[in-house]
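Okay, so chain A shows up in both of these, paired with chain B first and chain C after.
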Partner chain A sequence: MPALAHIAEPRRTTRRRSLARRTADAVGHAVTEVLDNDEIASRPGLMQKLDARVKLATILLFAVAASFAHSLWVLLGFVALASGLAAASRLSVVSFSRKVWASAGFFALLLSLPAATAWITPGEVLVAFGPLSITKPGLYIAVRLVARVAAGAGIGLLVVWTTRWTDLLHALTALHVPDLVVATLAMTQKQIVTLLRTVENTHLARESRMLTAGSAAENRGWVTERMAFVARKSMKTADDVYDAMLARGYAGAMPSLVRLRTTTRDWAWLVASTLTCAALLGADKVVFSR
Partner chain B sequence: MHIPDGYLGPQTYAVLDVAMIPIWAVAASRVKKTLKAKQVPLMALGAAFSFVIMMFNVPVIGGSTGHAVGATLIAIILGPWAACISVSIALVIQALLFGDGGITAIGANVFNMAFVMPFVGYYLFRLIAGDSPTTRRTIVASGIAAYVSIVAGSIFAGVEFGLQPLLAHTAAGRPLYAPYPLSVAVPTMAVEHLLFFGWVEALATVGIVSALVKQDSEMLAMRPAAKPLRWLWAAFGILVLLTPIGVLAPGTAWGEWGAAELGARLGFVPAGLGDLGSAWTAAVPGYAPAFIKSPTLGYLFAAVLGSALVIGVSWAVAKLLARGENSRPPKDARPPTSPTTPS
Partner chain C sequence: MTATPEYVLAGVRHEYRSGSAALAGIDLTIESGEHVVIAGANGSGKSTLLKMLDGLVFPSAGTITAFGRTLTEDALEEPAFRREFRSRVGFVFQDADVQLFCNTAFDELAFGPLQLGLAEQAVRERIASVAEQLRITPILDRAPYTLSGGEKKRVAIASVLTMQPHVLLLDEPTNALDPRSQVWLLDVLSEWKQAGNTVVIATHDLSIAAESADRMIVLSEEHGVCADGTPGDVLSQRDLLLSVNLIHEHAHRHGGAAHEHPHGHGELHTHA
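Let's look at the complex of A and B:
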């Protein structure tokens, strides 16, 4: 139907997106991310095949070990390790690196730049801009912070992208996290998606009805009213969910039918991870004490 | 305010991770007692709401927008302990599902946003709103509580950042984690929240509470019945008695130098500062009344006088608000709106 073809065409305009459109896009992106993460975590790869408890424990070990490292090179080693594990887990290394460097690393760079100046860190001047001159020790501090944040972000991303939410919950149960917490986490994730969809639809409905952007006060009034609507919907849904739980025989406990089992591969992974962390921290001690 | 991995050293994040364990245990026990079997869906929906509220862009001024944390609002609706669990769960999901906020820094993020914020906000709300609040007083109290609570949370985050150069540094004194000292980190975090994010939090909370008061006021009465705040007054009295500890700290706070001290530091006194610095003479300069010789007693007197003035002015404002509310004619009853029909 050529007459309607323009409807399917994405609108190309240089006009600034409205508040409703920006929020709807951000919320839609968050929903897609939740669904995509589960799909990515289901791919066959090195880390996806591991027992969730072992994986959670070793990733925590990597995160703690990286926080103890002080040498820039060893911190970069942790980033490389996370990227290598991402590749071995069939994750897109480009997406992984973009998330680690362009997102976490870039913000860390912005935050740490003032620390590179003589105003915060006096020392040998590399580039002179008066009191804002970049000093050698200041630059090293800034770069090290960026590497540290990138290492942490990379390791954290491995949990997000290689563990299905349900597996994570089973691992938490097996690690003796109280039932109340695990049940609440499980229900929260589902409700987040439901509420995000509501928020996205409400904003899209607003966008479709608006001829002008509206004043800040009008938009604020509308946004806070929608927030109140979400609050009321949340509490009402809690009642409905509770009734549904009672109808299904809920009596305070939430038993799981899934039994996690460790294999030789998991134990080998645990030993390899521990040795890698020990080697990197050993190297850190040698490099940093020089 | 979400702290990623890498900004806090093990000495800080480990302490905060461990500190949250007993807080969560007490919160779980309190919630179990007050919300009974309904706790799981209510907590889950509270956590989902806490997560979703952070996705709304609230317009502030000049085309800028920001997002609220909503911790005070949830504490007003569900009570502080339930809010502690709900916001904690939202933060854990943000870290584990979206990679927003660090894994090692979960304890720090939860401490600032799920413990400090709901408790400061809730008790301030109750202090201002009183036991039988009017509509206007409830709305004003929620706004002030939300504003102060997020500033308090940001100050805690600033202290955590600012402690890093003191706790972990090289032999040459170079910081290994967050690089800014307390004198930079705390004012930076506090000022950005005082000037911007505090207003976003207050505007969002006031807007939501106003809408709930009109549409579903029962929701604001959902939280468990609270005990009188006598203990808060006792704690306040102890803090007043402890104020002379401030006498032990030498020097002037960073950035609060007088003309003479600034002149000694810079070698000159800016002309404007010299002119305006002497334009006003305080009644009790330097917290040291002229008629009391002992600095300790002088500090104590200043604390009692200052506290009495703040409480007196707050009480007078609250009375005025209550009078204005009582003298207004009642509005026509509005038809109830269904929460299932988004407009």
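Let's look at the complex of A and C:
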């Protein structure tokens, strides 16, 4: 093999990474996030010590309470409470807040923006962009909706992050969610990881054989074709998994040996959560009635 | 051994939806306690044959008799027969990712025995015993998708062994296993056979046949049986193995001398 030393070193430039590399990195990051969840759920934090069923009940409690709250400040109080619990559960508050506001908050903002305009909510105009005016009452409604979604998403994210996926599924079974739904959720999680790995490797394999980045149209075509491939593979895998279930005697039911047990801590948590929600709703009533 | 053969296949044919044959005219008898290797090149129909023996795929023509009863979809719809058949036959799939569909490795091991209706204590005892035997006790509480390839394979095999089947079907069991795990697997299969159980392995790894089987069946690229005998007899038929694409002519050098001889997958050889 001849040495490659005669090939000149490339000039250092801030080159844009290829689509394949960016996609592979993003997919790899997604897989890592899924796999990291069990590590986060195993930390010795406040929420991690609670029974998964109690945590699911907590989501329900907070979601209902947040939906009854009218005051923006009280809704923000729910968000702050979720952030405080995240800190007590040894989670990064920055990552937690970024997830809550950047995902749930952003999409809620998109959905609520029309309500901020004079077309939907007339009132005192705060700012105008040509024919588009944002009104004071409209903006208040939009921000309140975003805060409400962020409050619900915050507590939901907290429970998902602090509970091992397997415990969550066992909790759903214990709460009499149908076996078929729980089994579907379990397999969905597994399928997502398996297919993400396939997508990551496919992109890396392509990049390793490409000499140029390819045109945008070529890349789009290739990505579309790969999506179809993954969809076909997913369906084939689903058939194979069903065969594997039949082979081990599956006849429609998914019995489990896992027996969840609540402790005094869980009951204390449930009482404290209920009192906190009641206090926040009480404050909401006082603030809103002024 | 019982007098009735475990399986009798008569004129079995299977076609894909496209109409092309996956299996063509298979006549076969598998006795209780046999350790059979079904060898063949990729696409020869090994996996389809194994799925037929497990009642997951059914013949387009011909019949399969399992434990003295004709194996059909209708027969497996009967709860009593299905339970009896599933408790007797275990199938380890080629792709462990397909086989592991429960929340944790522990749940995987519990799935089969619970489907068979065993009591909780009996299921726990089986899990503890098999996990110890396969050295997977420390990973029982982990989700299958977080395991390495070798660990997944162990859990997949364990998930079948907890059902204590009399017939163990394995599709390409050494795929994704490192050399030490392959040796371990052969030891497990040897123990399983010594207990009087039947083992049927589909593979193109000839070393498995040479090291562990007492019967070797070869499927041709035309999807029929072209050899059936002891591994020693079949593996000595070089022209046959070349014609079914299980070995290939290979030329290489040792020291200064170049020479040619056939190679098979996983086949260990020495040179004088």
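One rule holds for everything that comes next: the second predicted complex is superposed on the first by the 224 of 290 C-alpha atoms of A that agree within 3 Å, B and C clash if a C-alpha of one lies under 4 Å from a C-alpha of the other, contacts with A are read in each partner's own complex, and residues count from 1 in each chain.
As a working rule, contacts are C-beta pairs under 8 Å (C-beta built on N, C-alpha and C of every residue); 3 or more make two chains touch, one makes a residue touch a chain.
Just so we're clear, the structure is a prediction, and the values are computed from it rather than from any experiment.
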First (chain B), second (chain C), both or neither touched by A:Arg220: first
Partner chain(s) touched by A:Leu281 [first = chain B, second = chain C, both, neither]: neither
Comparison of chain B and chain C by chain A residues contacted: B
Touching partner for A:Leu204 - first (chain B), second (chain C), both, neither: neither
Which of chain B and chain C A:Thr166 touches, first, second, both or neither: second
Which superposed partner A:Arg248 touches (first chain B, second chain C, both, neither): second
First, second, both or neither for A:Arg148, with chain B first and chain C second: first
A:Leu61 touches, of chain B and chain C: first, second, both or neither? neither
Which superposed partner A:Ala87 touches (first chain B, second chain C, both, neither): neither
Intersection of chain A interface sets (partners chain B, chain C): 165, 183, 186-187, 189, 194, 237, 241, 245, 250, 254
Contact set on chain C toward chain A in their complex: 51, 54, 56, 79, 82-83, 86-87, 90-91, 93, 95, 97-104, 106-107, 110-112, 114-116, 120, 123-124, 141-146, 159-160, 163
Chain A residues touching chain C - in the complex, by the definition given at the top: 35, 38, 164-166, 169-170, 183, 186-187, 189-190, 193-194, 237, 240-241, 243-251, 253-258
Touching residues (chain side chain A, partner chain B) in the complex: 19, 22-23, 26-27, 30, 33-34, 37, 59-60, 63-64, 66-68, 70, 99, 104, 107-108, 112, 114-115, 120-121, 137, 140-142, 144-145, 148-153, 155-157, 159-160, 165, 168, 178, 180-181, 183-189, 191-192, 194-196, 198-199, 201-202, 205, 216-217, 219-221, 223-239, 241-242, 245, 250, 252, 254
Touch list for chain B against partner chain A, complex: 4-7, 9-10, 13, 28, 32, 37-49, 51-53, 55-61, 63, 65, 73, 77, 85, 89-90, 92-93, 95-99, 102-104, 170, 172, 174-180, 184, 203-204, 206-208, 210-212, 215-216, 219, 222, 339-340, 342-343
